[in-house]
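By written order: A, B, C and D. Residues from 1 in each chain.
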Amino acid sequence: MNSDAIISVRTYVLVFIGLIVLTITTTAVAFIDLGAQWNTAAALAIAVIKALLVILFFMHVLYSRPLTWVFVSAGFFWLLILFTLTLADYFTRNIGGAPLPSAAPAAQAAPRQTSETAPRGLTTSESRATQRTGTD
Amino acid sequence: MNDAVPERRLHYLNVSYGVKSWLCTTDHKRIAWLYLLSITFFFFIGGMAATLLRLELLTPQGDLVQAETYNKLFTMHGVMMIFFFLIPSIPAVLGNFLIPMMIGARDLAFPRLNLMSWYLYIIGGLLAIGAAVAGGVDTGWTFYTPYSSIYSNTHVTLTVCGIFINGFSSILTGLNFIVTIHKMRAPGMTWFRLPLFVWSHYATSIIFILGTPVVAIALALVALERVFRLGIFDPELGGDPILFQHLFWFYSHPAVYIMILPGMGVISELIACFSRKRVFGYSFVAFSSLAIAVLGFLVWGHHMFVSGQSIYAGMIFSFLSMMVAIPSAIKVFNWTATLYRGSIALDAPMLYALGFIGLFTIGGLTGIFLATLAIDVQVHDTYFVVAHFHYIMVGGAVMAYLGGIHFWWPKMTGRLYPEGWARLAAVTIFLGFNLTFFPQFVLGYLGMPRRYHAYPPEFQVLNVMSSAGASILAVGYLLPLIYLVWSLRYGAVAGMNPWKATGLEWQTPSPPPTDNFEVTPVVTREAYDYARAEPQSDYVPGEVEHV
Amino acid sequence: MNLGFPLFPEQASTMASRVDALYFVLIGVSVFFATLICLAIIFFAFRYRRRSELERPPEISGDLRLEIVWSAIPLGFTLIMFVWGAKLYFETYSPPRNSLEIHVVAKQWMWKAQHPEGRSEIDELHVPAGQAIKLLLTSQDVIHDFYVPAFRIKTDVLPGRYTTMWFEPSKVGAYRLLCAEYCGTQHSGMLGRIVVLPPAEYQAWLSSGPTGSTVAATGARLFQSQGCVACHADKDTERGPALAGLYGKQVRLDDGKVITADENYIRESIVNPRANIVAGYRPIMPTFKGVVSEEGILQIISYLKSLGRPEGAQVEK
Amino acid sequence: MSKSHPGLLHHFDDPEQQLDASQSGMWIFLATEVMFFGGMFISYTVYREAYIDVFAHASNHLNVWLGGINTAVLICSSLSMALAVHSAQSGHRRQIVFFLLLTMLLGTVFLGIKFTEYYHKYEEHLIPGFDFAFKEGNPGHAAIFFSFYFAMTGVHALHMVIGLGLLAYLAVKAARDRFSPLYYTPVEMVGLYWHFVDIVWIFLFPLLYLVGRHLL
C-alpha cells in the first residue's frame, strides 16, 4: 500500500559514498585559500549538494508526490524570505556616507578588559555582573 | 438538557461523562471546548490587567499603582491577550470545532496531536501565569534586547519558556489543519467548494507553521543569554540588539494576521448566511487570504522604521507593507458587495459582522498611516499604534470571535442564545470599543508614547474618555459570559439548522454525534448556494447522498 | 476650536507642517473610504432587510471588472503615500551639511546633551531657532528613543552605536522631549524639554553657563592625556596613521574592505581597535572602552572632525 | 482495502489516506524545523559578515578532525537509517532491529565526540560566560562566535537525543514485530526526522569548523 518506490540498496550506498567524498572534499578545500569569500561559497555549495542528496534519496523526495515537493520548497522559500529581507537591512546600513543614521553592526563595543594587558581568566560575565542586574 | 428531547440521542456531549472523558478526549469538538474554557480564563486575566491599566491612566500622575507594577501589568496584558487569547481564539476554538465538520470529515487528521496541542498550551499558560504570580515580567510583550536579556531583573526566562512551549501548540494546530484540509475532505468537496472559513484557516496555518519557529528560537536565544550568559544580542560584546527585532517581528507581524485571518473567515460565513447570498467574488476572497498570509511575511520591518535599521530597508518594508492593503481592501469591498440585493437579517452574529467591517476598515486604513514612513516617525510607539492594533485585534478579531461563537453556539450546545440580550451586548461592545480606542488615535498623533505609567497633564481629557469607554466595553464583555452560560440550561432548543445556513456543519444534528456525520456526506454544490436552496423548508443544501 | 484640551500637536519645526500635510491627506482619503463603506453597509442593511422568510435573493457570484477596480484604486493610493512618505523620511534622516552638531547620551532614565561650544545640560536641550541641528545620539545601557512630537521627529537611541537625526526649529518656545522606546521602570519619567531660543539669546545662554572649552578642545585635551598622540601624530608613523582629515574619508582596511570613516567607525576604533585595522598597520592599539566615557568618545570625535575634512573622498593608499 | 488493516485509525477512510496524512504532517513539521534552525543561521550570518576575521580565528579553535569524523559518523547513521526503512519496506524484522540499533550506536558515538569537544572548549576557556578568554582578536566578537557554536550544536544535539529516544521506541516495536511491508509508517517518519538532523549538521560543519582554515 505504500506509494513509495523501494530504492535499491545500491543507490543508498552510492549516495553514501558521494556524501563521504564530498565531506572530504569540503574539508580539503577549506584549507586552500581561494581568496575573498570563495571559501565560504565553495563550502556552502558543497553543503547544498550534500543536503540535496540526502533529501532526494535518503528522504525519498525524488520519488514522492508533488505535495511533498510543495512542503519542502515552502520551508526553504520562507527561509529565503528571512535571509533576503534581514540582509537587506544589514547590507544597506552603511551606504551613502556619514550622514546616514547607522552603520554596520561592526560599530560595537568590546568588553572592558580587552586590552593586551587584560589578565587571562578575567571574564566578561564577571565584570558585567558587577554593573548589571540580569538575574531571574 | 435532554428533557426537551423525547428520546435520548447520543451526541458528542453525552456520549461519556466524567473529568477523564474530557481531559483525555481526542474528539476535536471536545478539545474545542477545552480551548474555549481556557482562553476565556486567559481573556479575563488579560482583561483584569487592562482594567487596572485604564484605571491608572485616569490621572496623569501615576498614583494608583507604582511604575514597576504598571510595567508588569501592561506586559501581562500583552502576553496573555496575544499569546494565550487572540492567537488560539478563533483557530483553536471555532477552527477546531468546525473545520472537520465543514469539510465532511470525522475528525482532524491527528486527534492525539490535537489534544497534545491543548496540553502544551495549558503548560505554557501556567508557566506564564506562574511568572506573573512569582513577581511578574516588565519587558513588554515584545521582549526587546538588551533590556530583556540583560537589564530586566524580573521573571523573563520563565515567561519566555511559557511562550516557547505555547508556540509548539500553535505549530501542531497549524500542522493538523493543513493536513486535514489537504487529506480529509469529503467526496466532492473540491478546493473551490470549501467555505471561506476553511480557506482563511489554511492561510492562518501557513503562518503558524512557518512563523512560530522563528519567534521560538529568538526567545530561546534570549533565555540562553540570560541563563548561560551567552552573547547573542549583547551590545557589550558587539551584538546587535536590532537583530532580535528582526527575528521577533518576522513572526510577530504575521502573528497579527494569525489573529485577523480566521476572523475574516468567520465574517465571510456570517455575511453570506445573514444576507442569504453567495459571497461576492468567492475566489478573490479565498486568494486574498493566502495573499495576506504570504505578504504578511514580507513586511515585518515596518515595526522598525525608527529603530536604527537601514533607512533603505525601511523603504523596502514600507513599499511591501502597502501591498497588504490590497487583499485587505478586496475583502472589505467584496463583503459589502455581498450585501447588495441580499435578504439581510440583523441577528446578533450579523451585528458583530457588520461592526467588524466598520472597525476593520478603520484599523486597516490607519495601518496605511503606519506604513507611510514619515507618518510612522511621528506615531511609532505612541497611542496611535495602540489604537490601530486594537482596532484590528479587538475591533476585528474579538468581534469576529464573538460573532462566530454566537453563530455556532446552537451547533456547539444545541441551544439558542437569547437574541435580545445578544443584540444589546453587540451594540454595547461596538460603542464602548469606539469610545475607548478612538481617542487614542488623537493622543498618539499628539505625541503620547505608549507604555507610559504617568503622562503629561494635557493628555488627561482624552485618557479619561478612553477609560470611560473601557468600562462600557467591560460590561459588554461580561454580558455574553452571563447569558451564554444561562442559555446552556434555559436556552431554546436549536434544531439542526436554526439559521437555514448551507454549510455541511448544519446538516448534522445539534449537538453533532462524535463522528460528526452519521454517513459521510457527498458534496455536489458550491459553498453558499443560497440561491438554489429552498428557504421555506428545513432545507438540506448540497444534496447529502448516502455512500 | 478650543475644547480645553489639544487635538493636534504644535508645529515647531520646518518638517512639522510637511508631515502634517501628508497626515491630513491620509485622513481625508481614509474618512472618504470609511464613510463610503459604512454608508453602503447601512444603506444595504436597510434597503435589503429581510422582509419575509421566503425571500430568495438573486444569484450574484462576482464581477471581474469590479474586482480590478477596487484592487487598482487602493494600489494607486498606497503607492502615492509610499513615495510621499519615503521622500520625507529620507529627508528626516539626512542632515544638511551646515548643521549645528549636538551630542546626546541617553541612560536610564535621563538625557545628557553637550553643545559644540562645551556647555552641557541634563534633560534639557537649548537650541537656536532657524538653524539646522544635527543630533548624534547613543545610549549607555538599553534602547531609548528621542522623540519630540512638536518637531515630528523620532529616532531610537542604541547602545554601542550612534544614530543621527536632525531638525530645524521654526518657532521659539519650549517643547516636550519624550522617551518613546520602553526602557525600564522609569520609562515614563524620562522626559525632557527642548528650549528653542532666538539665535542671539542662544549665544547668550551658551556663554552664561559654566564656561569651559569647546567640545573639540576638550577632545583635543583627552587626545593628549590619553596618549593617543603618541601614535597618531601629525604625520603617519609606523605605529599609527595621522588622523587629520580622517573624518568622512574612505579607509581601506587590511582585509580589503573599504569603509567610510564616520562617527560609528571612529567610535569603534576607539573602543574596539582591532575590529578595523587600517591596511599597512599592526593591531597594537589597546582599547579605550571604559577608560574614556561615551561623552569623552564624542568629544574626541569632535576633535578629529575639527582637524578638517578631506577635499574629495578618496580611497587612501 | 480492509478495515482491519493494522494501525488504521477510526477517522480515516483507508490506510492510503492515513499514510498520506502522516507523510504530509511530517514534512510540514520538518518545514517548521527549517525555520527554527533558520533563525539561528540568519543570526550567525549577520555576525559572520560583520566579524569575518574574528570568526575565522575563533573557528580555528574548533577541532576540524573531530568535526569531520562526526560528519562521517552522522552520514553513516543516515545510511543505516535509510537501510532500516528499506528493511521495513521489504519486511525483514531482524534487519530492521539491527539497523535501528546501529543508527542508535552511531548517534551515540556522535554525541560522545560532541561532548568531548565541549569538554575541550571548557578546558581552553572558550565557553562564553565561564572564564572566557580569547587572545587573537576581539574577545567580545569571539564570545559571540562561541555562543553560536554552543547554541547551534546544542540545539542540534538536543534533536539527536530526541531522535535516539524515538529510535529506541521503534526498535522495541520492531522487535515485537509490529511493522510489516503494509505498515511501517513510524519507521519512515523517524527516518525523515533523522535525515533532517543530518542535513542541519551538513551545514553546521562548514559554517562552524571550516570558515577559517584557509588562513592557517
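By definition in this document, a residue touches a chain if its C-beta (ideal position, glycine included) is under 8 Å from a C-beta of that chain, and two chains touch if they have at least 3 such contacts.
Note that this is a predicted model, so its numbers are computed, not measured.
K.L.:
Report which interface contains more C-beta contacts, comparing B-D against A-B.
P.N.:
It is B-D, judged by the count of C-beta pairs in contact.
K.L.:
From the centre of chain D, which other chain's Cα mean sits the farthest off?
P.N.:
C
K.L.:
Closest chain to the protein's overall Cα mean, using per-chain Cα means, please.
P.N.:
Of all chains shown, the one whose C-alpha centre lies nearest the global C-alpha mean is B.
K.L.:
From the C-alpha centre of chain A to that of chain B, how far is it in Å?
P.N.:
That gives a centre separation of 35 Å.
K.L.:
Measuring from the mean C-alpha position of chain A to the mean C-alpha position of chain C, what distance in angstrom results?
P.N.:
33
K.L.:
Indicate the whole-number Å distance between the mean C-alpha point of chain A and the mean C-alpha point of chain D.
P.N.:
Centre-to-centre distance between chain A and chain D: 15 Å.
K.L.:
Mind pulling the chain C residues that touch 2 or more other chains?
P.N.:
93, 155, 159-161, 163, 272, 274-275
K.L.:
Can you list the residues of chain B that touch 2 or more other chains?
P.N.:
151-152, 182, 210, 214, 229, 231, 235-240, 242-243, 246, 250, 308, 311
K.L.:
If you look at chain A, which of its residues touch at least two other chains?
P.N.:
If we look for residues of chain A contacting two or more partner chains, we find 67, 74-75, 78, 82, 86, 90, 100-102, 104-106, 108-111, 114, 124-125.
K.L.:
Can you list the chain B residues touching chain D in their complex?
P.N.:
Chain B residues touching chain D: 105-111, 113, 171, 174-176, 178-179, 182-184, 209-214, 216-218, 220-221, 224-225, 228-232, 236-240, 243, 246-247, 250, 515, 520.
K.L.:
Which chain D residues qualify as touching chain A in the complex?
P.N.:
Answer in residue numbers: 1, 5, 15-16, 19-20, 23-24, 27-28, 30-32, 34-35, 38-39, 41-42, 45-47, 49-51, 64, 68, 71-72, 75-76, 78-79, 81-83, 86, 89-90, 125, 128-133, 135, 138-141, 143, 181-182, 184, 188, 191-192, 195-196, 198-199, 202-203, 205-207, 210-211, 213-216.
K.L.:
Taking the complex as given, what residues does chain D use to touch chain C?
P.N.:
51-54, 137-138, 140-141
K.L.:
Given the complex with chain B, which residues does chain C contribute to the contact?
P.N.:
Touching chain B from chain C are residues 3-9, 18-19, 22-23, 26, 29-30, 33-34, 37-38, 40-41, 44-45, 48-51, 53-63, 66-67, 70-71, 73-75, 78-79, 81-82, 84-90, 92-93, 108, 141-143, 145, 147, 149-150, 152-156, 158-161, 163, 176, 178-189, 191, 272, 275.
K.L.:
Which residues of chain A touch chain D in their complex?
P.N.:
Touching chain D from chain A are residues 1-4, 6-7, 9, 12-13, 15-16, 19-20, 23-24, 26-27, 30-34, 39-40, 43-44, 46-47, 50-51, 54-55, 57-59, 64-65, 67-68, 71-72, 74-76, 78-79, 82-83, 86-87, 90, 104-106, 108-111, 114, 120-121, 123-125.
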